[in-house]
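The block underneath contains the structure these notes are about, expressed in structure tokens.
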Amino acid sequence: MDVNPKAPAPFPGEVIQTPGGGILVSRMDQVINWARSNSLWPLVFGTSCCAIEMMSTAAAKYDWSRFGFEVARATPRQADVIIIAGTIVNKMAPVLKRLYDQMAEPKYVIAMGACATSGGPFFYNTYSVVKGADHIIPVDVYIAGCPPRPEALIHAMLSLQEKIKSGMTREQIKMEKPEQSF
Amino acid sequence: MTREELQNSLPDLAPGATFEEGGEWLNMNVTAESWKAVSHALKFTAGFDFDYLFCLTCVDWKTHLTMVYHLTSTTHRHNMVVKIKLDRTKPEVETVCDTWRTAEFHEREVFELFGVVFLNHPDLRNLILPDVWDGFPLRKDYEDPINMIKL
Amino acid sequence: MGPGSIIALMIAAIAFSGIAILISKLLLKPSNSVTKGEPYECGIPTIGPSWIQFSVGYYLFALIFLIFDVELIFLFPWAVVVKKLGWVAFVEIIIFLFILFMGFLYAHKKKALKWM
Amino acid sequence: MIEEVATTEQGDLVINIGPQHPATHGVLHLVITLNGETIKKVEPHLGYIHRSIEKMCESLSYRQFIYVTSRMDYLSSHINNHACAMLVEKGMQIEIPERAQYIRVIMDELTRIASHQLWWGAMGMDIGAFTPFFLAFREREMINSIMEETCGARLTMNYMVPGGVMADIHPNFCRTVKEFITHFKSKIDEYDTLLTGNVIFQNRMKGVGILSKEDAISFGCSGPVARASGVKCDIRKLYPYEVYDKVNFEEILATEGDSFARYNVRLLEMRESMRIIEQLIDNIPEGDIQAKTKAVLKLPKGEFYTRIETARGEFGIYVVSEGGTTPYRIKFRSPGFSNLSALDHMVRGQKLGDMVAIMGTLDLVIPDIDR
């Protein structure tokens, strides 16, 4: 998708122009984003059933190392992307927030499965489930499914890579325009 | 031992026990005070040997709480259910975790979800719920407007 | 293989790491928060002091490793010139290793290597 | 008789093997008091994946709550659903057709093999060998594709319904299962040569985390953890359900009760499951696959308890029903909860590195513990 699309005339919202800057800076940014998007190291973070599908994606048949996701790091210090694979519960929320804060700066989040997106099958009549992981940390890509198939997870990773290359992830927008961070 | 033999030989073990009809296994109602001696006897007397407590839970009947213990014997292969009626305002029962070690965790879970206090339990703290939690979630009158979205 | 090449090697080594750090300093957009600075322990704040007296077993292992590591370093220069010096160097090194092996036996008898 | 609750003296280090840790296979938080390398006390803090399933099930009908159980112990999801379906059938005296019984038992045994495979891969990774993970998942993907053909899902198959199974098996189900069995027979010997025969692996596992028979019974352990200590507790043998009484297979028992015994019990159980499938796959009877059931299922007033042998142990469901469409109170007796309570007893005095091996052989699935 092209980076700075011209907004159509009657555009309701406000278009955030990603600051292109001079040739050198934008060229440099694109090279950096390209390099970052092709070596995203996921954090080993599986809470429930989606973690098994994540492991199937890591295994030989659906092999996510074809896209640079090879190395699943155990510590947030060396991880780039958190794949929230499973339900986030009230007791787990501060832990997830702390892990997200302790990650090195270009960090992205994929909310895998219905539980991470909106509480999923545990939405009604549960006193302990956080209804969606974006209540806690900003999420870049959501995946539907309970659990989503490995192909869906790989598709989500590819769309995350697209988002990074075009500089549209939440963290990148927050970096460029700190006062407008949401 | 079959269910009838159990029913006949149990009263001398647990004097105040009454029996319920129906259900798959023999149901025995015991008073909370006598439960300590009965549980000890159930495990260590020769003919019974109920050494495997496989399910310990609590049921909230809106007027009172009932503790339910499912026992079986790995040697004689007979099963039994023991029930104890507790009043709702101050539910207290003696712990059995020195006879069956599995009760330590199960009793902590029932303590935090139902509010039943287990006397001289070695480490009665919240196991599953966060340490600070008001109300007992699995009781019928538990209301949590913030988290619970009623269907 | 004069002194010039050694200096060049030193400069290249320093330059290699220096440039890498310099680049990251330039491109870095500093963003550290309080929780980022705290130690990572599986997502939970650490319990109790982590600056405690470690048991002596760890130090003993470290010391014994150090001794035999240094012994190995002595072998490198020896290996370079052993061809020129012939048998004298060989006998000398055997004595050197024998003495250190006695040290190793002493440590073993004193159960320094036994993990408590 | 209870070990005194070890206190933390001055020289002890308290560390968190916390919710996010590769060795805990999920979000189990262990607070470990260490004296140097030896462990003094392990205190599990649970609840990081407590989704209040028992409260939720009180408002789900008897057809809906089945599929929540496959989100609890997701590695034996078929077997959990099977327990729920059996509960409703026993409660309402529904007689299920012979063909459905055969299909259910085959699916259970396939799920048991898949669960043990994943455990074997994770076990290898815990000890430090990375290859078993990929080997195990290669075979597991074959089972997943078999399941997908018939049930349409890979992990949480919502295939069991009260009264039988949802759909008939895929035409080439029998062929693919037989192919899988012949393929896996040679591969499981490869598993043995890769890990079981490895001297380093044996030294890491032998004599580590000993659980005596009395302790296994007292802690309420079930499944491979208890059978490795010599406790006869296989529900398929003690209280046979479906067609398990028509199939001859052995209950794998060991006596040492250490990690290596638990490891071997699971590997031999995989072979037993293959034997069961072989005896059943060729003579699945014809007939319909689901008994007629009313649209709205109402269990009669009273209490019901079903127990089933999952890959981790005895999974029991205790339902108190007031005769309504939803259970008045439901309690899931999860095998992992009791197996975990034995961890503290087994690990005292062991080294920290051994604890990872012991936890690996306990085969914990954390949502099964927290419910």
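Letters A, B, C and D mark the chains as written, and numbering starts fresh at 1 in each.
Rule of thumb we're sticking to: a residue touches a chain if its C-beta (ideal position, glycine included) is under 8 Å from a C-beta of that chain, and two chains touch if they have at least 3 such contacts.
As the structure is a computational prediction, the values presented were derived from the model and not from experiment.
*Asks:* Which chain's mean C-alpha position is the greatest distance from subunit C's?
*Replies:* B
*Asks:* When C-D is set beside B-D, which has more C-beta pairs in contact?
*Replies:* Counting C-beta pairs in contact for C-D and B-D gives the edge to B-D.
*Asks:* For subunit C and subunit D, let me know how many angstrom lie between their CA-based centres, rounded off.
*Replies:* About 46 Å separates the centre of subunit C from that of subunit D.
*Asks:* Indicate the whole-number Å distance between the mean C-alpha point of subunit B and the mean C-alpha point of subunit C.
*Replies:* Their C-alpha centroids are separated by 59 Å.
*Asks:* Return the distance between the CA-based centres of subunit B and subunit D, expressed in whole Å.
*Replies:* Measuring from centre to centre gives 25 Å for this pair.
*Asks:* Express in whole angstrom the distance between the two chain centres, defined as the mean CA positions of subunit A and subunit B.
*Replies:* Centres of subunit A and subunit B (C-alpha means) sit 46 Å apart.
*Asks:* Could you tell me which residues belong to subunit A and also touch two or more other chains?
*Replies:* 91, 95, 99, 124-129
*Asks:* Mind pulling the residue numbers of subunit B that touch at least two other chains?
*Replies:* Only 129-130, 137, 142, 151 qualify.
*Asks:* For subunit C, what residues touch not just one other chain but two or more?
*Replies:* Expected reply: 43-44.
*Asks:* Chain touch graph shape: choose line, ring, star, complete or other and state it.
*Replies:* Graph shape, chains as nodes and touching pairs as edges: none of the named types, so other.
*Asks:* What are the touching chain pairs in this one?
*Replies:* Chain pairs that touch: A-B, A-C, A-D, B-D, C-D.
*Asks:* Quick check: in the complex, which residue numbers of subunit D touch subunit C?
*Replies:* 8, 10-21, 29, 31, 35-38, 351
*Asks:* Any idea which subunit A residues touch subunit D in the complex?
*Replies:* 43-49, 51-53, 55-56, 59-61, 74, 86-87, 89, 91-92, 95, 99, 121-122, 124-129, 146-147, 149
*Asks:* Considering the complex alone, what residue numbers of subunit C touch subunit A?
*Replies:* 27, 29, 31, 33, 35-36, 38, 40, 43-45
*Asks:* Write out the stretch or stretches of subunit A touching subunit C in their complex.
*Replies:* 32, 75-77, 95-99, 101-102, 105, 175
*Asks:* Per the contact definition, I'd like the list of subunit A residues that touch subunit B in the complex.
*Replies:* 90-91, 123-129, 131
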